[in-house]
Amino acid sequence: MIALSSSSSFTETNPASLAVRAVGLGKTIDERSVLKSIELSIAGGEFVAILGINGAGKTTLLKILATLMPPTAGQLQLFGLDVCRHAGEARARLGLIGHQSMLYRDLTARENLELFARLYGVEAPRRRAEELLSIVGMIDRADDAVKTFSRGMCQRVSIARALVHEPDLVLADEPFAGLDVPGAAAVERLLSDLHMAGKTIVMVNHDVLQSLRLAERVIVLGAGTIAIDQPARVADAPGILAELAGTDRRIQPEEIVMI
Amino acid sequence: MSSVQGKLVRSYWIAVALLFAADLVLIIHYTPDERSMGAVQKIFYLHLPVAINTFLACLTAFVASIAYLWQRKGWWDELAAAAARVAVQLCAVVLATGMIWGRAAWGVWWTWSPRLTFSLILFFLYVVYLVVRSSVEGRERRAIIGSVYAIIAFLDVPLVWLSARLLPDIHPGSIQLEPAMKLTLMASFVPVTLLAAGLVVTRFVLNRTSSAAANSDQANNPREIRTAPFVAGATLHGPKAIRQTGGAL
Amino acid sequence: MPLVAQQFLLLVGKDLRIEARSRQTIGLVIVLGLLIVVVLGLGLGGGAAVGFGATVVLWVAYLFSGVLCFEKTMAVERSESALAALMLTPISRGTLYLAKLTSNLALMAAVALVITPAGVLFFSFDLSAAPFTFTAVMALGIVGFAAIGTLFAAVVSSTRLQGGLLAMMIFPVALPLVIASTQLLIHQFRDGLPVGGLGLGVLVAFDAIFLTASWLMFEWVLEP
């Protein structure tokens, strides 16, 4: 069920059971090809990390998956729904986490979550907000304004916001950006818990080792196409690092000094 | 541009110049001087056709903008931009001729009369269009924003016209036209309209060729910058990595 | 209550609650408006500007404080990219527009409540002849102004440059409102003519046309 090589090989599973199915996806911005012919199949419950150098098209791909940007070529289906024709239904099943929190700074955490819960038409929004705040560990700061939170706390409330309508697909665009060690650890735990609960997670990240640790499958984008697509446990870490460094010399993970 | 096209373009502009010359002869010699204002009134024969063409240019920008938003093909947007630019140029002429006429007829360079006020506001509406376009980055975004503004601006035109008519008009009354004058007026429309259309097409072609040049520039010189990840110790950079990045990080 | 109405009320409530908490926009905008009235009052002195000169002065104050107000209500959506999250909810772009417009109108109403009496006072404008006419005419004008202001603010907030761009876009388009309302009020207060005809038609047509056009085009200018 997992594509093992960089060439496009479709799975035999029923397309409707795939969380994400991209066929020939392309995006051209200002006559520049940012994404070219992306073929991607992600099954339900997979945790996929997308890596790549700056400019490789990772954020663009994630925005297209989030239906915030239309593709210029190809097709994208989320849970069997074509995003061009059934955008609303597709959006109901996805949640987005970015490096900005997407919250209203002057409202409290609870007010933010209740607002989004009501906009999504969630039943018992008040209870849901409390539930989510407990899950992300922010229940004792529920009635404080978001602007008083540290970055890590904002990110945790942001995750709660993304989950308010119980999406099956969670998209995360560099969720660890700007987080300190405890903040990042909390987000890692939450993502792992989500994965354990059966959600499909697609995460754009810069940290290769962290991605290999968290995700089941690693995709490396290079110049708008998929260069590497491997399961995390057999992934060729030195090869990935080399691809990202733009060198032919293979870099061993131990050579990277963590400060 | 091929030489056949070049010849056609040259003939076109020569024809326009000749028509203008013929028109000027008509204006100066054929038409009589108007009773009250004298020879300067003759500027009207150019003023009105230019004014009508300004409106047509604004209409072109409006239609092209709608077409762009509907079909999302870049050249509609370039047509809208060309038409708007010509509209600004023509409107400047309308303002200038209107002011000269006013000065000659009633002794003041400016009054807040309906016609002058309308021309002034129209001028600003489309100048703003050009400024907005130059402030937006990204071709697609610029086209969308330009189109939305061009639609709003054109919808505003009749409202500007009507509200301007509320202003006190110190110079009421229109000019009585004798047959000779009517003929000259009709005749003047020809070179002016051809000039306006020629300007729009020229500008449009200019826009297209410059954007095509930008495209091929992108394709031939892709701006991909590969950066090496931060690793401690310069020795870890392979010689190939340094060659690729050119030592510039 | 239908879902659309619920979503609309939620969004307007959210904007007003944020404004009540931070009091950022309303304070700035009211003070700016008052200062404009004061400066113009000082500059124009008595004489020619007494009386219905107030309407133009008020319009200038509304225009500048309105532009600031629209910029700030849109900036709230940009600051943490909350707009992207809103666009993922089932809410329609048209409802987003109407909600933003209503929030803007609520703020402008608060501004008008403060600076209109100030203008009337400083310019000795006697409204007693037709206070309702005055209010209605100015209200129609502000509605039209906010209709395009909300649309253009969304345009400008998605570009990197702001500066005077929003003012530059709104002012020429809004001029029919200024002309029509000032002429109407002059005819009413100076000449005693009843309000109606062309001037009123322009105001109503402006509001109808631009409310519809902006509502329709809002989705194209929104960028998450």
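The letters A, B and C name the chains in turn, as written, and every chain counts its residues from 1.
Methods note: contacts are C-beta pairs under 8 Å (C-beta built on N, C-alpha and C of every residue); 3 or more make two chains touch, one makes a residue touch a chain.
Here the structure is a predicted model, which means the values were calculated and not measured.
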item	value
Starting at subunit A, fewest touch steps before arriving at subunit C	1
Most centrally placed chain - per-chain CA mean versus overall CA mean	C
Furthest chain, CA centroid comparison against subunit B	A
Between the pairs B-C and A-B, the one where more C-beta pairs touch	B-C
Centre-to-centre distance between subunit C and subunit A (centres being mean Cα positions), rounded to whole Å	40
Whole-Å gap between the CA centroids of subunit B and subunit C	30
Rounded Å distance between subunit A and subunit B, as computed from the means of their C-alpha atoms	46
Junction residues of subunit C - those touching two or more other chains	none
In subunit B, residues with contacts to at least two other chains	none
Complex contacts: residues of subunit B adjacent to subunit A	138-140, 214-215, 218-219, 222, 224-229, 231-232, 236-238, 240-241, 244-245
Subunit C contact footprint on subunit B (complex, rising order)	69, 117, 121, 124-125, 128, 131-132, 135-137, 141, 144-145, 148-149, 151-153, 155-156, 159-160, 162-167
Residue numbers on subunit C that touch subunit A, as the complex places them	3, 6-7, 10, 14, 17-18, 21-22, 76, 79-82, 84-91, 224
In the complex, subunit A residues that touch subunit B	29-32, 53-55, 223, 241, 244-249, 251, 255-257
Subunit B-facing residues of subunit C, complex	148, 151, 155, 158-161, 165, 168-169, 171-173, 175-177, 179-180, 183-184, 198-199, 201-202, 205-206, 209-210, 213-214, 217, 220-221, 223
